[in-house]
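The structure under discussion is supplied below as structure tokens; questions concerning it will follow.
Order of writing sets the labels: A, B, C, D, E, F, G, H, I, J, K and L. Residues in every chain begin at 1.
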Amino acid sequence: MKILVVNGPNLNLLGTREPDTYGSKTLSELMDELVIGFPDLDISMFQSNVEGELINALQNSVESVDGVVINAGGYTHTSVAIRDAIVAIPIPVVEVHMSNIAAREEFRHVSLLSAVCLGSIAGFGANSYHLGVQAIKSYLTEVR
Amino acid sequence: MKILVVNGPNLNLLGTREPDTYGSKTLSELMDELVIGFPDLDISMFQSNVEGELINALQNSVESVDGVVINAGGYTHTSVAIRDAIVAIPIPVVEVHMSNIAAREEFRHVSLLSAVCLGSIAGFGANSYHLGVQAIKSYLTEVR
Amino acid sequence: MKILVVNGPNLNLLGTREPDTYGSKTLSELMDELVIGFPDLDISMFQSNVEGELINALQNSVESVDGVVINAGGYTHTSVAIRDAIVAIPIPVVEVHMSNIAAREEFRHVSLLSAVCLGSIAGFGANSYHLGVQAIKSYLTEVR
Amino acid sequence: MKILVVNGPNLNLLGTREPDTYGSKTLSELMDELVIGFPDLDISMFQSNVEGELINALQNSVESVDGVVINAGGYTHTSVAIRDAIVAIPIPVVEVHMSNIAAREEFRHVSLLSAVCLGSIAGFGANSYHLGVQAIKSYLTEVR
Amino acid sequence: MKILVVNGPNLNLLGTREPDTYGSKTLSELMDELVIGFPDLDISMFQSNVEGELINALQNSVESVDGVVINAGGYTHTSVAIRDAIVAIPIPVVEVHMSNIAAREEFRHVSLLSAVCLGSIAGFGANSYHLGVQAIKSYLTEVR
Amino acid sequence: MKILVVNGPNLNLLGTREPDTYGSKTLSELMDELVIGFPDLDISMFQSNVEGELINALQNSVESVDGVVINAGGYTHTSVAIRDAIVAIPIPVVEVHMSNIAAREEFRHVSLLSAVCLGSIAGFGANSYHLGVQAIKSYLTEVR
Amino acid sequence: MKILVVNGPNLNLLGTREPDTYGSKTLSELMDELVIGFPDLDISMFQSNVEGELINALQNSVESVDGVVINAGGYTHTSVAIRDAIVAIPIPVVEVHMSNIAAREEFRHVSLLSAVCLGSIAGFGANSYHLGVQAIKSYLTEVR
Amino acid sequence: MKILVVNGPNLNLLGTREPDTYGSKTLSELMDELVIGFPDLDISMFQSNVEGELINALQNSVESVDGVVINAGGYTHTSVAIRDAIVAIPIPVVEVHMSNIAAREEFRHVSLLSAVCLGSIAGFGANSYHLGVQAIKSYLTEVR
Amino acid sequence: MKILVVNGPNLNLLGTREPDTYGSKTLSELMDELVIGFPDLDISMFQSNVEGELINALQNSVESVDGVVINAGGYTHTSVAIRDAIVAIPIPVVEVHMSNIAAREEFRHVSLLSAVCLGSIAGFGANSYHLGVQAIKSYLTEVR
Amino acid sequence: MKILVVNGPNLNLLGTREPDTYGSKTLSELMDELVIGFPDLDISMFQSNVEGELINALQNSVESVDGVVINAGGYTHTSVAIRDAIVAIPIPVVEVHMSNIAAREEFRHVSLLSAVCLGSIAGFGANSYHLGVQAIKSYLTEVR
Amino acid sequence: MKILVVNGPNLNLLGTREPDTYGSKTLSELMDELVIGFPDLDISMFQSNVEGELINALQNSVESVDGVVINAGGYTHTSVAIRDAIVAIPIPVVEVHMSNIAAREEFRHVSLLSAVCLGSIAGFGANSYHLGVQAIKSYLTEVR
Amino acid sequence: MKILVVNGPNLNLLGTREPDTYGSKTLSELMDELVIGFPDLDISMFQSNVEGELINALQNSVESVDGVVINAGGYTHTSVAIRDAIVAIPIPVVEVHMSNIAAREEFRHVSLLSAVCLGSIAGFGANSYHLGVQAIKSYLTEVR
């Protein structure tokens, strides 16, 4: 079972950016922990600050993975184009956020992506990724 | 480690209510699965259709449990009083929803509870509860 | 054919509360008139000021009645939970109001319940109940 | 006791227009049923697609009928002029709709007419007319 | 100098409709007073309850009159089409209202016509017409 | 293949009304050009300033034409009744506008008709009609 | 019969300020014309750029004049305090504007004063004052 | 003179809940102070987390007390039903809040209860109750 | 302990202005009652219709008084500048209103001052001032 | 005459993405048909998922083509930057959409691009492109 | 070259008011620094808490200075009258703010003045004034 | 002291794009002038039409410069991601705009960036850049 974890803008700064809020782990360390935490999964990672490259990654994932976990960062609240890409691909996508976006500025309360994802997880720091991978793994393995 | 799972209005109908949407498991079966899934935790359950009794349960939980997982059902979108109760108690609370509330009617897109919970999980059916318990367990066991 | 008439908050004060607006009949008298007016129906009545108890009554009605007439009073405009209960039960529900809610304060112009009821009747005083029972009776007896 | 039933735009298509929604009875058949259903009343009917002719009909009704039942169709949501006509005439008017307008597009949720009518009935198909006539009959015969 | 006074829906009821608000003069009496009040002007009058006929009257006025005074009644707040007709004709139009529309229901506070008329006069009862004719007379006679 | 071109309020003034915006062709000339431009089609034309007569034309078109091109003028933004008529008839309707309504006043940015038409074309002057007829011709001739 | 004409902020610049819009007459010339135009009236004038001094003038007018014509300038759209002053004094007040405020920026479309004045006149340049004085004269002389 | 002090959800936690905000006095201590502070009054107290029980208490108060002081907590902002109960009872009600609700989250800025209470007092901590009792005492003792 | 009572626009008309609403006491009489009611306090009074002079009074109060009670009248709803003045001075300010502003026009429901005052009192007529002085006295004398 | 057809995000998936909605033709096939359909034009094509590259393409088009047809996909509703690019280039741009965006989610009802394009065409599937090219061809060839 | 620096309400408190936010320099010291910083300019200063006096100062500036720098304080967000004054005078005006108003309360995000000023500068403390004077100096000296 | 000037979409067209609005200087010339104007600073420049590359530039600037001046063009109003990048980097950022964005279309009135920048400057054409560099230079050199 192959899972792609897609990370949006500024997540490459994890570990150095506002460590009080986002913790001191780098994105790379965080992804390593995911790989260790799910030894039965084949987890790959992609990060870009460019909206269109995130769309490219989502489109390309169709042929190579079984599910996607996405933290679209600031594009979460503004990108109809990423939303369209999620709808366009026939594999399940789970939305994750490290921070509790409902407790931040009002423009972060609405996600354009949630309605077209399988589900959403927010507020648990690095653990949001673990829960997201767990969610998509459960979804893919349960009988429907 | 003791966890209370609080269920709001109409969740007592699980299994019979719109099974296509909410699955065919009853609330009781779902709670049994949680207990089995987390053998190292002491999980108890409360359900009520009465807003004030949910508040009572949250207030009373302070002395008996280490964390709360809440699916407040329809009160999620209207109850300032439950929000105040969550703020008033010093233990962590995780919000869960079985359905993807962002993909339903617009009045369900805003949760009055999210901002005062540790985090939120929505859209994974019965699995939302498992992820919620996992989230609070991780939170309580990690070093801060 | 069994019909349950559910009455929400403050309707127990009928007859004494603002008689110019709501008339001088008590709720009990009004229900007695309904029973007399529809001798071929088995009409029962429930009233509570507690939102959750109205939900309980709606849930319990499934096994005992063929249709529900509800005047949810002030909860009409705020209760997602009662709305969910109406959706959750497989029997038809008709919404009634004694006063013309469109002619009152703006926050009374929107009903959260109308969209999930069979239909709505408002503005005819005590007669709204008679029309509501007539509506559900016609619905249950017509061939579909 | 004379009652005028006023029908607005597109209601002349009843029976052929979206029969799944509006049923297979023509407007003429529906009016015939009303006459049969209320043998003690003198019921007449008017239909027009022209907003101003509906106003003419309302104005002219003053001298010839005791009450009006109106289904203003699409003008329900946009016509201040029909609203003004209802206010201008000293006879009671009841608003009816065949469909449950609260369950349709958002621009149909607000009626400009409700606040100036005696009351409103919506959602019961052809039966909405019967309930509307019953409502105005009761209103005219009760002692005030 | 020829002036056309255009009257919209329900204004044909003047004198009988809500005399406390609109006075006891009929539209015909009111127009007669205008003719008497401005002996140097050639004043004609048109009234219709049909929006499109008001548009026809405005279009036709181009060849026969020098200016228009319009009380569009309930169409004031809803008619983009009348607005377009006013823009389309090269003669000046003055908007008048008998009642103080700013002191009535909120949906009457906005006029779609004001911005494309020469100016607006509201709140002076029958005198609003006199002031409107005076305004257009002054406009047409002043040197520009 | 028969096509009806329906024109709403003030379009009878084309050629004389604001020629800088709408060009110097009359509606009649414009329709003649359409007939010449599509020699294989049977194109007829209807114009009225009365909303209800436009509805009548749409209703009557069902039996006589294969498709409709409509420029509803100012009623585009206010007429639920015309929208209902379009839904009620089983033939395809294409919406056209000569001006770029998105570049004009804000109340012109929303069309009540677009969502129930096959598609919309705006901004190309008289050419909008040609494109509209081409669109409906292509739609009717393509295999579905 | 004594009339006070109250002028708000920036109206002291009339004649020099944007003459294309406001004309080339000074406020003083404009007031002189009013006096000449109404030889049977005793017309006085007050101007201030200070909101509170306009309130003072309104309050003081009670004992000395029979009616007020006010052009509150920019305070028209923001001053609850001037509105309260108009309500507090028992003499009639007419609102005038030289420009057509409905055709200017959106924040000028709403007047806080209109609803508490006798009526409003806007768009006729210096003539708005003449019409305003005429309106209040007619009001004071008509039998009520 | 008998006064009932009604306390809504979460106020039973006073003294332990966020003492920096709400002070360290328990609700019981606070009520004792009220009794001591007003030796000439007969003050009783009611608290519940259940919206409907607060309505019950308000309804029952009619026969036993002369006035009510209510702190409806989180229901202040959401309960049309409590508002209706206040309107339904013929005794005066004063609204109090310990915190300055205007300085908190935006959804706390609007109270559904204020408009139907005698008056409102907010922001003075425990002293808000004293001022509330003083207000109702003054109201009941002054000659009207 | 010195207290300044600041009164905004139109409050100088108390006693003569709408006595049904505001009572028949003049502002002077009302202030005299305050002095008598609080013999242990040194109470002074200021009134102006000019927004800036109210700001001056607030600024000057810093050196001469221990607390301020303000009824800003119509400026309550529009003055960011008075709000800034309250924030700028280091002494406590209590907001009072004689009428129940929540029960009046919608533009009076929001106070720009409440959030930066110690607390607010509204609806008790002249007694609102007494309660306001009592509130600030209690605040200044309690141990913090 | 050279025309550039610019395609935005996810349009590279045409043919495989939701074929029920978007048809089974690939973008390449669709562009080939355009070339065949307009043998007298020199049509080139550009597609990118990256917003900035679409801007680059628009900027570069100035020197090489006479007109642009753009389907900006999801960026239609969010991109001020693409709008600015259209304004910045001196060649005409026509907006096209395959689906009827007015009939989809509400956030798709507003296009930031329409107001600065020559005109817009939506709802005709692949045919929207043909109509768009026809529109710009007509525009470029007509005498102005 | 003569420049007037206009300061609005509460800016006379600079140095003592919230020094952490506004710095410890008094307005007088700040103006002295401006004079020293621009030895080639003739800089004068005006401050008032009264809105109308700020308007007076702007009007009077026409004859005596070449440009104006204004910090309108709290009137920035509420004064249509000051906006009108800026439009009425033919000399350039630059808007400055010491604090970053976009980072403060939402009602401070909109300035009524920006659109009619040459430009705006906010967020640089006392330095905002220096930049403002520099901006107007550059504007006045550049060739146009 | 090193300063990076970041330019967003379409600014590469300066000099050729709407020269009446943006002047005839190219971006390159404008940047050269900045270098000449601040000989004591080390000023570099970056421009891209791609949102993500602007984020990259901001992230990379941390190690190489002391401050940033950004003109984000059309992304100013839509990019949460650029906002997040500004927050994520520990160096000061100043926002500049050549045009007066408050005087343009309404969607340009709100900047998502202002609240997280040191301050903002808009409306002074090319001079906005000079003022921006001056602002950041002053900020970096002043003692804090």
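Things to note:
As a convention for this text, a contact is a pair of C-beta atoms (placed from the backbone, for glycine too) under 8 Å apart; a residue touches a chain by one contact, two chains touch by 3 or more.
Nothing here was measured: the structure is a model prediction, and the numbers come from that model.
With contact taken as defined at the outset, there is no chain that touches chain D as well as chain L. Fewest steps needed to get from chain I to chain J, stepping only to touching chains, is 3. Listed here as common contacts of chain D and chain J: F.
These two copies of the sequence, chain F and chain G, are related by a rotation of 120 degrees on CA atoms, to the nearest 5. Taking F-J and E-F together, the pair of chains sharing more C-beta contacts is F-J. Homomeric contact chain I/chain K is classed as different-residue, with under half of its interface positions used by both copies. Remark: chain H and chain L have CA centroids separated by 54 Å (rounded to whole angstrom). Distance from the chain A centre to the chain B centre is 23 Å, each centre being the mean of its Cα atoms. Work out the mean CA point of chain E and of chain K, and you get 47 Å between them. The geometric centre of chain E is 54 Å away from that of chain L, both derived from CA atoms.
Multi-chain contact residues, meaning those touching two or more other chains, occur in chain K at positions 50-53, 78.
Shown are all chain pairs that touch, namely A-B, A-J, A-L, B-C, B-H, C-D, C-H, D-E, D-F, E-F, E-G, F-J, G-I, G-K, H-I, I-K, J-L, K-L.
The part of chain L that touches chain K in the complex is made up of residues 100, 102-103, 109-111, 114-124, 127-128, 130-131, 134-135, 138-139, 142. Residues of chain A that touch chain J in their complex: 50-53, 55-56, 59, 78-85, 87-88, 112. Residue ranges on chain J touching chain A, taken from their complex, read 8-10, 12-13, 17-18, 48-53, 73-78, 107-108.
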